[in-house]
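Note that the chains are named A, B and C in the order they appear, and that numbering of residues resets to 1 at the start of each chain.
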Amino acid sequence: MRRFFLIYFTFFKQQIKLLIEYRMDFMLGMGALALQQVSLFIIIFAVFTRVSAIGGYSFNEILLFYGFSQMVKGIDHVYNDNIWLVGWGKIQNGSFSQYLIRPINIITHVVMERIQFDGFGELIIGAVIFVYAKITLGLDFTFVQWLVFILFLISGLAIFFAIKMMCASIAFWTIVSGEIMTVAYEINNFTRYPLDIYKSVLLKSVLLYLLPFAVVSYLPMVYFLRSSSHISQVIGINYSSPYFLIIFIPAIACVMLSAAFFIWNMGLKRYSATGT
Amino acid sequence: MSLFFSKRKEMTFRFFYFYSKELILKKFFSKYFCFTSNSLKVMYTYRFRIMVWIIGDFTFLGVEYYLWTAIFKANNGVLYNYSLKQYISYLVAGLLCSRITECFLDFEVAEDIKLGHIIMKMLKPVNYVGMNFARHLGLSVGNAMNLIPLVLFTGIFIGFQKVSFFVGISFFLSILMAYIIKFFFIMFLGMTAFWLTNVWGLLLFKGHMLAIFSGQLMAISLFFKIGTSETVFLPVSFISENVIRHFFLGLGYLSYCLPFQAMAYTPAGIYTGIIPQNQIAVHLILQVFWIVFMYGLLQFTWSRALKKVTVLGG
Amino acid sequence: MIKAYNLTKEFKTYKKYEGFSGAVKSFFSHEYTTNRAVDSINFEIGKGELVGYIGVNGAGKSTTIKMMTGILVPTEGKCEVNGLETVKHRKEIAKQIGVVFGQRTQLWWDLPVSESFSILQKIYDIPLKQYNENLDYFKDILDLTEFYLTPVRNLSLGQKMRADFAASMLHDPKVLFLDEPTIGVDIVVKEKIRKAIKDINSKNNTTVILTTHDLDDIEEVCNRIIAIDCGRKIFDGSLTELKNNYGKFRSVKFEITAKKNHNLNEILNLSEDDLICIENETELEIKFRRDVIKASDLINKIVTLYDIKDLTIMEPQMEDIVKEIYAINKNYKT
């Protein structure tokens, strides 16, 4: 474990140096992601000068969903960006073999190799919006609620991680899977807004079970905002226990992670059988 | 990056490749058009990417559709004087127009410059920008294929509205000009690589500027409507009505000071009536201005770049 | 140190059909052919040996190296490094081996060489004292100092190769795998790399396995040769053994002014097995066994018989030797 942090820290230092080398590119990249946040914020703001609620949610409530979803996405973007390259050519050009001759776990190595500072733009603006919404809504978390919040956050990160890893693994069979990764990742755009506005059952099921981005940001926030009966109606699961989501969200995360590791390991096995 | 596909995928898309080759490749053959057909071939080695664009488009439309439906519903089915149907068809038409004018050559030009291939291309007896325009045409023909699902979708669920002759002609002119403006702009961006080397950040930045100032996320006319009518709600308590109005008015004017609105959403606005008939002429003149401006900018940048190459050796 | 038992690797290639209807057909068909890239190879390599692993392109060299390093799983048989079966003990083995693939780098593209090395120090958990000692040593014998702080992307091919070589040796591996370490680099760098390999071997008694197309590499570095062709081992023995048995034919090409049709076999009193001669209007090519007649004697003789404009002596190529080994083995079998 100590070694893990040592290696990570070394990579981190190198990345900082690179950042300084390519500072113009970095500034524009981070600025771009920040601009995206701001522009989406402006749209929501503009709309709320006319209407008082969308899908039954007030401006600040919408912001809460939006801020939290961008926070999770931002954290994921910062630490887990290198896996894109597995889908986008590491297998094609054979550089993936390098991981197999190193004395550390492969996925750890992949993750450690790169820190994407651009993601901080998303993270910071997401956090600012989230904190603002939380204060104006008067949402005060107790200690236990904070623990639940952290549990949800970690589960959300795990789901992001699992989806990216699963899609990247497809490259073990198809050599390049960047397109599939992009498609899966793009679906997360649906969860900028509460699930209530999507009337399609199919779409909801996809967002809850297949690519469970709704579990990443919608469920955690709606847990703090609405009653169990309301949520159970939206997601179509009949439950009454208030603790249901505290179990359900980490459970989905665990299932996704296990599935992802299963596919990844299967892919690795295939990779070392064909060596493509 | 040249993509290699497993045999399976290759076969699935072989069909399209077959037709594109037979129909298009052999028809045009001249100094420039050989670049066109070449870029078509490249396009179809990237065939899986096309699927990503299509799904990406539908994701975008899906989010926008449900969002605006909820918004209009919350406001009794009208937002200012637009109906939901009109607004949705504006979004779809805008997406279609931006796909027609789509140009990915900025990255390619930047790579050419970064890796030094540009010197080789300058040696050829063709104009570099002209060559790229020919390639752009070829890529656009390929692009048209992935428009099919979107067009079908529009035809079935939204329907193409009948427009007057005047609007039709204006729309046609407008989209032609948008196509050219976009191309000049993209060329200009690619060439900034002479000074920036890494353009990834810049291109990302461009993408999001385009999203907000082109009217993709929200019609620019809505900025003016908010700016000129009385606000009903104050979403943030410490921002006064006056500030909000001036902010959106400013945003609207800013949009017209930037070239982005001329690149896709002007034709869409004309076609769907989001831009009223009496304003069409102004928008067309504005587009002409942007063509001239962008052309000048491109020429200037290119001559500077040539100097940089010949004096400094790239 | 390294043992290969019955090592076999098969690859499946799916059948492809031509044309549009063929494309549809192959989409639905599951027909494939298996080809054996490596076919039941057995060998044992002891500690400190310098082994040259040779063969023509596509003979299965890289596949074997990949199986020995744990990147590929054998279809049949197994491979052990230091008593551990590869792939199953990937991480343990990774610490004990160093690998250089001449075609690609293991360094980080954007980082200076120095930074890549310090990351490897952490990854391989190399004690700082050992790391610094090794670093000084390699800086010295490979001349790394001049480009030590340059980002890898700006290095020349030769510099990259030297840096890569040093990178794979930082953790004092017991076995070093070098897959075409001298490909595309100039003669000076080749010399440096060869010297470094020999140095390392004598200093740490490191086992080295090297694939190459350059006969000089083999001659200067290796004391044992394993040759394969079409996935089968066709030769395993010392360098002198190889030299004594194969690669005996040299050939000389003369540029001549006129065709004369002398019967050289008769003049030199040599049989057709020892000397072959092809003549046309402008060229005379003679293949001969160097243990039967010396090149200088042959040339002296020809000069008296022909009007010579120019001549070239051709050293045997790796491919020729391998073909020769292969041809002889085939005859032997039948």
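In this section, a residue touches a chain if its C-beta (ideal position, glycine included) is under 8 Å from a C-beta of that chain, and two chains touch if they have at least 3 such contacts.
Only a predicted model underlies this, so the values are computations on that prediction, with no experimental measurement involved.
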| item | value |
| --- | --- |
| Chain whose mean Cα position lies farthest from chain B | C |
| Innermost chain by mean C-alpha position | A |
| Euclidean distance of C-alpha centroids - chain A vs chain C, Å | 47 |
| Whole-Å gap separating chain B and chain C, where each centre is the average of the chain's CA atoms | 53 |
| Between chain B and chain A, distance of the C-alpha-averaged centres to the nearest whole Å | 28 |
| Chain A-touching residues of chain C, taken from the complex the two chains share | 11, 63, 66, 69-73, 87, 90-92, 94-95, 97, 99, 101, 104, 106, 108, 110-111, 115, 118-119, 122-125 |
| Contacting residues of chain A [partner chain C, same complex] | 3, 6-7, 10-11, 14, 17-18, 21, 93-95, 97-98, 100-105, 109, 113, 269, 272-275 |
| Chain B residues touching chain A - in the complex, by the definition given at the top | 1, 3-6, 9, 48-49, 51-52, 55-56, 59-60, 62-63, 66-67, 69-71, 74-75, 79-80, 196, 198-202, 204-205, 207-209, 211-212, 217-218, 222-223, 226, 231-236, 244, 248, 251 |
| Touch list for chain A against partner chain B, complex | 22, 24-33, 35-36, 39-40, 42-43, 45-55, 59, 88-89, 92, 118, 173-176, 179, 182-183, 186-187, 189-190, 192-193, 197-199, 203 |
